[in-house]
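Okay, so subunit A shows up in both of these, paired with subunit B first and subunit C after.
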Partner chain A sequence: MISVKNLYHSYNNDKNYQVKNVSFEVNEGEIFGFLGPSGAGKSTTQNILTGLLRIQKGEAIVAGYNVRDMSKEMFNKIGMSFEQSNVYSKLTAKENLDFYRKLFDVPTRDSIELLKLVGLEGKENIKAGNFSKGMKHRLTFARSMINNPKLWFLDEPTTGLDPSIAANIKSIIKEKNREGVTVFLTTHNMFIADELCDRVAFIVDGEIKLIDSPKNLKLQYGDKLVEVEYVKEGEIITEKLSTVLEKDKKSLQNIISRYEIRTMHTKEATLEEIFIKVTGRGLI
Partner chain B sequence: MLKRIWIIFLRDLKVNLKDFLSLYIIIVPIIIAILINIFTPSINDTTINLALLKCENQEMIDYLEQFAHIELFDTVEEVKKRVEKRDNIIGILPEAKKHYIMTQGNEPEVIVEYAKLLKTFYELDIKMDDTNAEIIEFGRKVPPLKKTLVNLSILFISILGGMLITLNIIEEKMDNTISAINLTPTTRLTFLIGKSILGIFFSVFGSIALIFITGFREINILKLLLVILISSILSILLGIVQGLTNDDVMNAAGSVKLLFLPLIGGVLAIEMLGDKWQKFFYWDPFYWAYKGNDLVLSGTGTWSELLIYAGIIFILSVIVYVFIAKSIRKGLE
Partner chain C sequence: MKLFYSFIKELKLASRGYYFYIELFVAFLILFVFLFAVPATFDSKSSEYIYLDMPKEAKDMYLEEILYKDIDKKAEVVKVKIDNEKKDALLYITEDKKIYVLNNKEDVIDIADKERKTSGIIKIDDENNVKYEYYLQGYESQRLKNLLKILHVEEADTLKEVMDNQDVRSISTNYELLSDRENILPSVLVFNGSLMGLFIIAAYIFLDKKEGVIKAYAITPSPVWQYLMSKVGVTSFTSIISSLIVLIPIMGFKPDYILLLVLLIVTGFFSSSLGLLIASFYKNIMQAFGVLYVVMMLMILPNIAYFIPSWDPSWIKIIPTYFMLEGFKTILIGNNDFIYILSVSGGFLITGIILFVISNERYKRNLLE
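So, the complex of A and B:
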């Protein structure tokens, strides 16, 4: 669905590239996470792919269209939810969606239905300017679905949302993906990426450091250990045992059968820990 | 493309009709027209007011009505009271077999002299047929001051049309919605045309309303439309570029105000400067627009003359576009 080869971009049109030699492919029907700290080049790459920034060097094919010679018809197939809400503050929520509906050449979704989906039911006749930040974000998210996109760009889709609404947004993303929509998710939130993405790319300083599935990364970079805390003769003892070594496996069985277990955790690495290990950088 | 232009235009219209500043701009042509009518009476009104006694001398009333506004009263006392009011009105009252003139004493001398002449002409039984004056007419049918004000107002309205475009683009910038539009099948040209339609409609309908309210109904509207549409190109271009390069309404309003300089400069050059200075204003599209409008309003402009002016304005607008095209492209990214 997306094919990027040797992409470079410099805002000053010089050799000081904000995106350097970026190459990756996104398969149809997958959720691809583009992860990195602020200023890493995530949004720049995404803006090139959506035509908001002119491509300077490299090749990019999006939804079958070459970005260098982009046809406006491509936008009937793609949707984008921006990190910064961008809706008409002088129009109501419904008027906002109704306006955008008319700009597409493909069948569009009903505005009221979309507002209901993102939890803005009953707010359709309120001006977007009177919305809270989270409500505007949801309206922007709803708008990105209006043309039933086949390829869906999501830039920090849950930023600034409370946990229950964020959970709702995540379930919508999963549902759309089940329906066959390809998702390009840009975020610095590793938990969302871990939960949603089939594959992730780590980008730092404009360069992709790694691309793989969260599962493979955890297997590759996580420690195969279990940390167990138990009570032995009135004393609390903590031990780390390998899940691979036969000796440790027997010890673990022994502890479980003989003592009172207080806590037990696998020492699987989080995506964030892997990111730091791979890139040597934090995510903020 | 046309569908999207229409949708963008309707959105802007809906927003503008709810916005105080835009609404104010939209009704400005009506306000201007009413003010012009109030402060510049038509040429037929350039006369004096006389107060006479009712039923005293009908023949004199009929005679004077040809040359002055006549107010009739029942008694001398009423005439006296009327003359004492603030405006300039002269009383002509009978005394024995003659008439005398009643004034407050502070009326302009020319008005009193005019009243004296009218009274004398009546007494000497001088009629219009007795005149031997030969009239050479320049073909001007409309009052010059009114024509100047209406012409200036038409140009002013076209700048306000540009201002409307600026306001609507700034709204897009403040809400950061241009990027969202760019991710629809709407091309940048479609977007710009859609944004410009309201400014063009405003210039056209505002100017036509102005023309009708101020009484220039006899002029050739098609000729006027030609000049309005061509002179609107510049206002639209500058409205767009101001919208795209400014982030708030106040900054944009300040920048748009700069446009009034070439406008006023062009008008003053034509109205006040001699022929040898005119060439210094040939670069100014408003100079040519004012000249074109003047020909239309006076009913003397031929199509060929107007097409030449329209061509000059168009070429000057294209030159302006060449200079600002980069800013427009950058502003849309």
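So, the complex of A and C:
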């Protein structure tokens, strides 16, 4: 669905590239996570792929269209939810969606149905300027689905949302993906990436450091540990034991048979820990 | 159809913002001032303050002479304010001036000194010659001073005879003259109608940049030029409405409104495209304000040439508002000079298209700026 080869971009048109030699492919029907800290080049890459920035060097094919010679028809196939909400504050929620519906050449979704889907039912006649930040974000998210996109660009789709609404947004993303929509997810939130993505790319300082599935990364970089918390002679003790070393295995068996177990967890490495291990950088 | 939907959306946005109502309010305010404060014809009668320093017989003869020229053949006893005091005077109103005859020399000097009015004393010397003593303010032109010097050298009858023998012929008589009030209207049409679009469209663009909606529009299949043209459409629409609010009550149905609409639309298109181009170089209205201000000031310059025809340097004709003013005046005069109006309109249309195409290219390249 997306093919990027040796992509470079410099805002000053000099050799100081903000995106350097970036290459990756996104397969049809997958959720691809583009992960990195602020200023890593995530949004620049996404803006080039959506035509908001002119491609300078390299090749990019998006939904079958060469970005260098982009046709306006391409936008009938793609949708984009921006990190910063960008809706007309003087139009109502419904007027905002109704206007964008008329700009596409393909069948579009009903505005009221979309507002209901993102939890804005009953708010259709309120001006977007009177919405809270989270409501504006949901309206921007709803707008990105208006043309039933085959390729869906999502830039920090759950940022600033409370957990229940974020869960709703994640379930919508999963549902759309089940329907066959390819998702290009840009985020610095490793938990949402871990939960949603089939594959992730780590990008730092404009360069891709690694591309793989979260599961493979955990297997490759995670330590196989169990953290157990138990009560010994009235005292609460916490220990981390290897599930590979014979000595630790025997200790674990001993603890289970002799003491009262309070909690016990396998300790997989998180994506964030792997990111730090691979790139040597945090995600802030 | 997408252009139409964009236009309707822009109209909704405009009607829910301040700029739209400010423009309409200003139009009504101008109309109110024109109807109730600006006279149809300005009082062009000059006022003269004189004292006749001569024997009673001579004075009576002189006053009789003035009375002969008085419109109602009656002298009116009036009070003239001099240095917060009310002094008696006789007022004679002729076709081209008001003559106040004061009662003493001191009043003549005081009215010049305290009230800053030009005055004079007319006296008869020992040889029975009439002498004129003028009290000027100092700012009068050298031409006026020279005129006053020679005015009394020749006999008045001689001057009249020379003037009567001057042959003045009108080249064209196929027009009606505008009243003083109507003569200001071209200026109002240019600034409240056409040029307001320059500033307002820039304000609309910066509002969209602030809200980020340009980016959202850019990832739809609709071309950028339709987004820009819908804004031009709204600014032209509001300029037509505000112009007609002022024009119809004052001019009635005298002007050719079809020609007027053509010129309003093309000049509005030209100035809106110029506003789009200026806005494309800046991120917000604060950054653009300096350039917008300079452009607006430049556009005001031809106004001076319009009201002071003797100041009409050739370089002023480079400024587009010069032709806007002339074009609107030609329509209001009603001499049906279609060729001139259509030539001016064509010029603004072509220039507007060039500016619009350049703006479109800039917005396509720099959507994120």
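Keep this in mind: the second predicted complex is superposed on the first by the 280 of 284 C-alpha atoms of A that agree within 3 Å, B and C clash if a C-alpha of one lies under 4 Å from a C-alpha of the other, contacts with A are read in each partner's own complex, and residues count from 1 in each chain.
Quick note on the criterion: a contact is a pair of C-beta atoms (placed from the backbone, for glycine too) under 8 Å apart; a residue touches a chain by one contact, two chains touch by 3 or more.
Small disclaimer: the values here were computed from a predicted structure and weren't measured.
Overlay on subunit A: subunit B and subunit C clash in the combined arrangement. Within the superposed three-chain model, A:Arg54 lies in touch with subunit B and with subunit C [touch as defined at top]. Once chain A of one complex is fitted onto chain A of the other, the partner contacts of A:Val87 extend to both subunit B and subunit C.
Legend: residue contacts after superposition of the two complexes on their common chain; A:Ile236 is shown touching neither subunit B nor subunit C. In the superposition on chain A, A:Ile261 makes contact with neither subunit B nor subunit C. In the overlay built on the shared chain, the residue A:Asp105 is in contact with subunit B and with subunit C.
Comparing which residues of subunit A touch subunit B with which touch subunit C, the overlap comprises 50-54, 72-73, 75-76, 78, 80, 82, 84, 86-91, 95, 99-100, 102-105, 140, 143.
Subunit C makes touch with subunit A in their complex at residues 1-2, 5-6, 9, 12-13, 16-17, 211-213, 215-223, 365, 367-368.
Those residues of subunit A that touch subunit B in the complex are listed here as 50-54, 72-73, 75-76, 78-80, 82, 84, 86-91, 95, 99-100, 102-105, 140, 143, 147. Interface residues of subunit B, counted against subunit A in their complex, comprise 3-4, 7, 11, 14-15, 18-19, 171, 174-177, 179-187, 333.
Residue ranges of subunit A in contact with subunit C, taken from their complex: 47, 50-54, 72-76, 78, 80, 82, 84-91, 95, 99-100, 102-105, 140, 143.
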